[in-house]
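You will see two complexes here that share chain A, one where it goes with chain B and one where it goes with chain C.
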Partner chain A sequence: MNDLKRVHFFSAILTFVLAGFTLAQAQDAPDVGPHPPAPLKNMESHIGNITGHSKDAKGDYRRYCAGCHGDLGDGQGENTPWLDPKPRNFTLATFKCRSTLTGTLPTDEDLYNTIARGLTNSNMPIWNTFTKEQRANLVAYIKTFSPRWEKEKPGEPIKIPAEPPVTIESISHGKALFTKLECWKCHGPEGKGDGPSASTLTDSQDNPIRPYNFAAGGDDSRFKCGSTNADVYKIFITGLDGTPMPSFADVIQPNDAWDLVHFLRVLQVKRHSKENDVLKAAGGRIPPYVEKQAETPANQLENRAAGGGN
Partner chain B sequence: MRMREQSRVFGTLPWSDSLAATVLILVFMVVSGSQRANALPAFARKYGLRCSACHESWPMLNYFGQKFKDNGYQLMNDRDAPIWQNPSYWPVTFRITPIWHRVSTGKVPVDEGSGITRVTSSGFDLSGLDFHTGGTLEKNFSFYVLPSSDPTGTFHFESVFGRLDNLWGSPWLNVKFGKFELDNLLSEKRILTLTGNGGIYQTYHFIPVGDGNIFGQIGDNQLGVEYMGHSANDRTRISAALISSSDGNVNLSTGANSYTAFFTGSQAFDAGKLGVQRIGFYAMVGEAATFYLTSGNVPLGGTGISNKGFSREGFVGQFYFGPHFDVTVVTQHGEDNAWFGQGYGNAIQSDGNGGTTATCSSPTPGCPLNNLPGTALPIGSRSPTWNGYTVEAHYVYSPQLIFISRFEAERMSQQADGPLYTATGPSGYTGPAPSNLGNITTYTVGYRYNPFMTSRAGFAWHNEYNWLHQDGTGPMVGATGLNVNTSELLLGFDFDF
Partner chain C sequence: MRIRKLYGAILVSVVGPTLMFAGTISGKVTYTGTPVKQKPIDMSKEPSCAKQHATPVTTETIVTGGNNTLENVVVYISAGADDANAPAQAVTFTQKGCQYIPHVIALHTGQELQVLNADQTSHNIHPLAKVNREWNKSQPPGSPAIQEKFDQPEFISVKCNIHPWMHGWFAVLKTNHVSISKDDGAFSLPDLPPGKYTITAWHEDYGTQTQDVTITGNETKSIDFSFKAKAY
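== the complex of A and B ==
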């Protein structure tokens, strides 16, 4: 009789284990919405010498990402209604932070860096706790959501020329460009994100969107796609796809873009920077920009006569 | 002997238990079929992240969750200050666990029959209720308050602290002040198991038989101040805490004028596809009073002097073997001053819940001894020392299902009552105590299944079994104390909201 009771005792435990296991399998499915379609195929990513595999990221995507980006990658996770800005819709394969020209797919490294960096002024955390392999796998997984990754190749990364020295003239020229290119219409005259168009802006999915407020934040302030001057330069040239921030690749020359970077840094009034040091040394005022005259044979002679040279 | 013991355990299992288990399965299946809770747990609601983002299985933190905690419950994403929260945000989570459990304790002295028997009981029950509230008061100012009750509803403050985070913009400068859990990598307050003996880490609470030092329990929340620093990605962590030697008891009721220091350090490193591995150490060095002024034989709070020393130190390792399997190891070497070994130290009766009920002093039977001036230790008294370890393994089948197993062993290496000891010590033995007296061996197995996974509430179907064996702490038969085996089977709904 005792033996029989022992069997029942173990049977009860085993039943519970099996019940949990079976139901877990049944429930190992999307938490919101329909079953996701089968991934396009197993995608890969290549970050340095690391190869990421989408099949290895399924668990991590569900654990860390799906609550916002959705099981389908469509940016419709259960938290989406409460988030501002809205999470990225991976099915469109449109990404803000790229090293590639507007309209093209980002490189694997762009997505990899975005995961580790997080996105300031949004709910996207800094996922620097992942291993490199985890991140590379997640990049590959993100690529399973859109057929664009099968049909297109990522764009070529732009080349960023060496940064020229910061001078009061470069800041002054940057200010002139800020006005000429009408950056102030969105970002406001003082870069506070309060330009006349600011309240009307929407992203490509008609969600309201706010322009960057340069004046907020101190030394730890970051931009959406990085924190260095080179990152800001990249934003001008590539634009932030899916937002009203256009690419200026066809509008300004590299040196002009650097001058604009230098001016934007002085709009970050609470941040210690070489640009703010230069401005301070110049008395705290940005002199009006005087456009240089183009070198013509006539004024070359004039310069030589005045003792000027090359 | 053990087989006979276990046969007796199973022999007492009534058919009604199996029936109850079957009914619970059916209830579980029905409930798990209904999806999605609408509640809003505090942090998940604030940040819009699923529980699984921070918890390997709640309440146990994963690496990302540990970083979030180390940053002062902040994601460091410019949305940390309360100004970013919806005005309706209510940063309170409660947690309680209705359970059915079956507890079987061997070698219980009783008046009837042979005087010693095994007591087995089962039934529906409740855990205590925790009200967690915490978060940020402003960017880089965080807090935590946790009123906690026992199953009868008697409350105490389990945690209360304020924390200054990222001082001067550095993650290496964080200061916590109040009552808090020591910086244990394997957190007992986030333990995944719930049974009486399996719901704590024995390594964190081991006290030699008859020892009066309750102050070295690193699993209990303590009153004090803590410095903590970490690298930006949390790979490197260090902390140092200065705490009152009071085991977290308030009102300066015990351990007044004595302090304990607790240090930890750890380093994590990437191991490719295996995951992030971490190794570290901890050390606790302190002293506590052994003499109290008394009034009517009752110790006066805050009068403790004649401090004696104690220490606990060990290594911690968290090892991941891919995304599904991990093992955490904690070792400990402990040593108490010989005075503690003879029962001096704790002058306060604990209510078993972090609070105190009454003071108590010798010669009242059962009360700790008071080191009155002129008192001498019995000949042969020694500092009790011991070694212990905990090995806890998890198999994470999916973010919704985790299997847990744990093995712990605590082994005395030197008893307080040495070979030359001739008196009757607080351990109950006359003369030297057996070398294995008080040794503990225990294992726990279980699993937790979350039928849904959102950022609104947590619900786990919990099933667990614990077995614990302790040498020589049962009733004395002749000159030897009997070994005691205890087991517990627990099923329950663990939820927070």
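== the complex of A and C ==
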């Protein structure tokens, strides 16, 4: 016991002396070039059967990502002053594209998909030149920048029910929801990104930000977080954290959400879609939406008297 | 024997605070200098809100009363009275006439926040938290209350992106001993057991000030805070 104590004592002194020596050396050393601190933790990511390791992404991060996202992951790379929108600051662990609810961490897969997909209308390109392993490693590396990844678990991915068929009724209902939920306040009545609040919007870092213009793109148009109908569904249910786009998870029912998706597709006037085909077949006009209420004689009468609502 | 001790403990913890701990720290918050004029808010883009205001509404960054008193200052015990438990009742934050009522609320970590929309327009509640998690939720008219909690102490700036003039604050604290100054600048922190305390006064634009106060028994200690108005 006594011997053990003595060993501890001497090793403590030794550590102390060595630490002092290293410190002195470090202070004497000239400051040459950028030397980012090594990630504090070895983080992992799990995408399907691939496991990503942060330590294996260091080279790729510094070569391909740090120019914009910065050596420290704070979004302050050397290109940042010239970029709009600004690169993501990974130290905040706030991400736009998630399958999880607002305020929660995204899943590894969400980050992986963002790297693969890139972010349209921004300087973040599609990184399909990376192998799956490289992308998985980068996902793990991104997680070294915020302690939230050690303290919190990613949110539960939202459940997206099967998409009902596109009908002129679903488009009509979607339009009513677009009005009622006041999507037009930012996105504009025709989805051109020119609503009354559009010009005042800023992101959470106080940088100006534009709402999505649905009408702009053609067949190749993409959303920030994907291009499928399920991606559109996900975007307004989860919200795009760090931006003015809020989550509508608490205020829209799953089937209603699909109707809204169908209407949003119609706002993409130059893009070929089944929604636009249905609209064309209906004569190019969206009929006013008639609220489906519980079928009581009283409200049947009301609906008729109102000449079909809206 | 053990049961009797337990009863004693319950008696002290339940009755004690009201009978024994009668120390109070109270005072007034004022400013010196000339505060900047608040900007008028143009709500014409939101008629349902505009019509609720007979007199023009201004921004609420600096709200003053007569005699140089300063409103909306969060005065709380930042050291000496950390409370482990959050009060059971929720704190309500209401959106009415496209304004936040009240402009500043104080919450204990873990205490329930209830956000209500009393307007005929959609709002989005967007607390720009940095320490806590940032979230952003839409709340159309007639929606149920949004219920949330914050885990970490932080002064969180809150905004509505749809109505960019709407701005408020959530003061998330580790203590239940908190008082927000009204238009007379007054604050009061009652029910303090004897001890040494650090009192912090926080204002969203003028920053923070602290003072140390010792409470020895049944007494009311008076302290005042004076903030220097910023020129712009």
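Everything that follows uses one rule, which is that the second predicted complex is superposed on the first by the 256 of 310 C-alpha atoms of A that agree within 3 Å, B and C clash if a C-alpha of one lies under 4 Å from a C-alpha of the other, contacts with A are read in each partner's own complex, and residues count from 1 in each chain.
By definition in this document, a contact is a pair of C-beta atoms (placed from the backbone, for glycine too) under 8 Å apart; a residue touches a chain by one contact, two chains touch by 3 or more.
The shown structure was predicted, so the numbers you read here are calculated from the model rather than taken from an experiment.
Of the two partner chains, chain B is the only one that A:D219 touches; chain C does not reach it. Contact with chain B, but none with chain C, is seen for A:E133 once the two complexes are overlaid on the shared chain. In the superposition on chain A, A:I168 makes contact with neither chain B nor chain C. In the superposition on chain A, A:M124 makes contact with chain B only, not with chain C.
When both complexes are overlaid on chain A, the residue A:M43 reaches neither chain B nor chain C.
Within the superposed three-chain model, A:C97 lies out of touch with both chain B and chain C [touch as defined at top]. Touch criterion met: A:G59 reaches chain B, while chain C stays clear of it.
Counting the residues of chain A touched by each of chain B and chain C gives the higher count for B. Chain A residues in contact with chain B (one complex) as well as with chain C (other complex) do not exist. For chain C in complex with chain A, the touching residues are 45, 121-122, 124-126, 128, 130, 133-140, 143-144, 146, 161-164. On chain A, the positions that touch chain C within their shared complex are 92, 94, 102-104, 148, 152, 180-182, 185-186, 196-197, 200-202, 204, 239, 241-251. Residues of chain A touching chain B in their complex: 2, 5-6, 8-9, 11-13, 15-17, 19-21, 23-24, 27-28, 31-32, 56, 59-60, 62-64, 66-68, 78-79, 82-83, 118-129, 131-134, 217, 219-220.
By the touch rule above, chain B contacts chain A in their complex via residues 7, 10-11, 13, 15, 17-18, 21-22, 24-25, 28-29, 32, 35-36, 47-50, 52-53, 63-64, 67, 75-79, 86, 169, 232-234, 270-273, 275-276, 323, 397-401, 447, 449, 451-456, 461, 463, 465, 489, 491.
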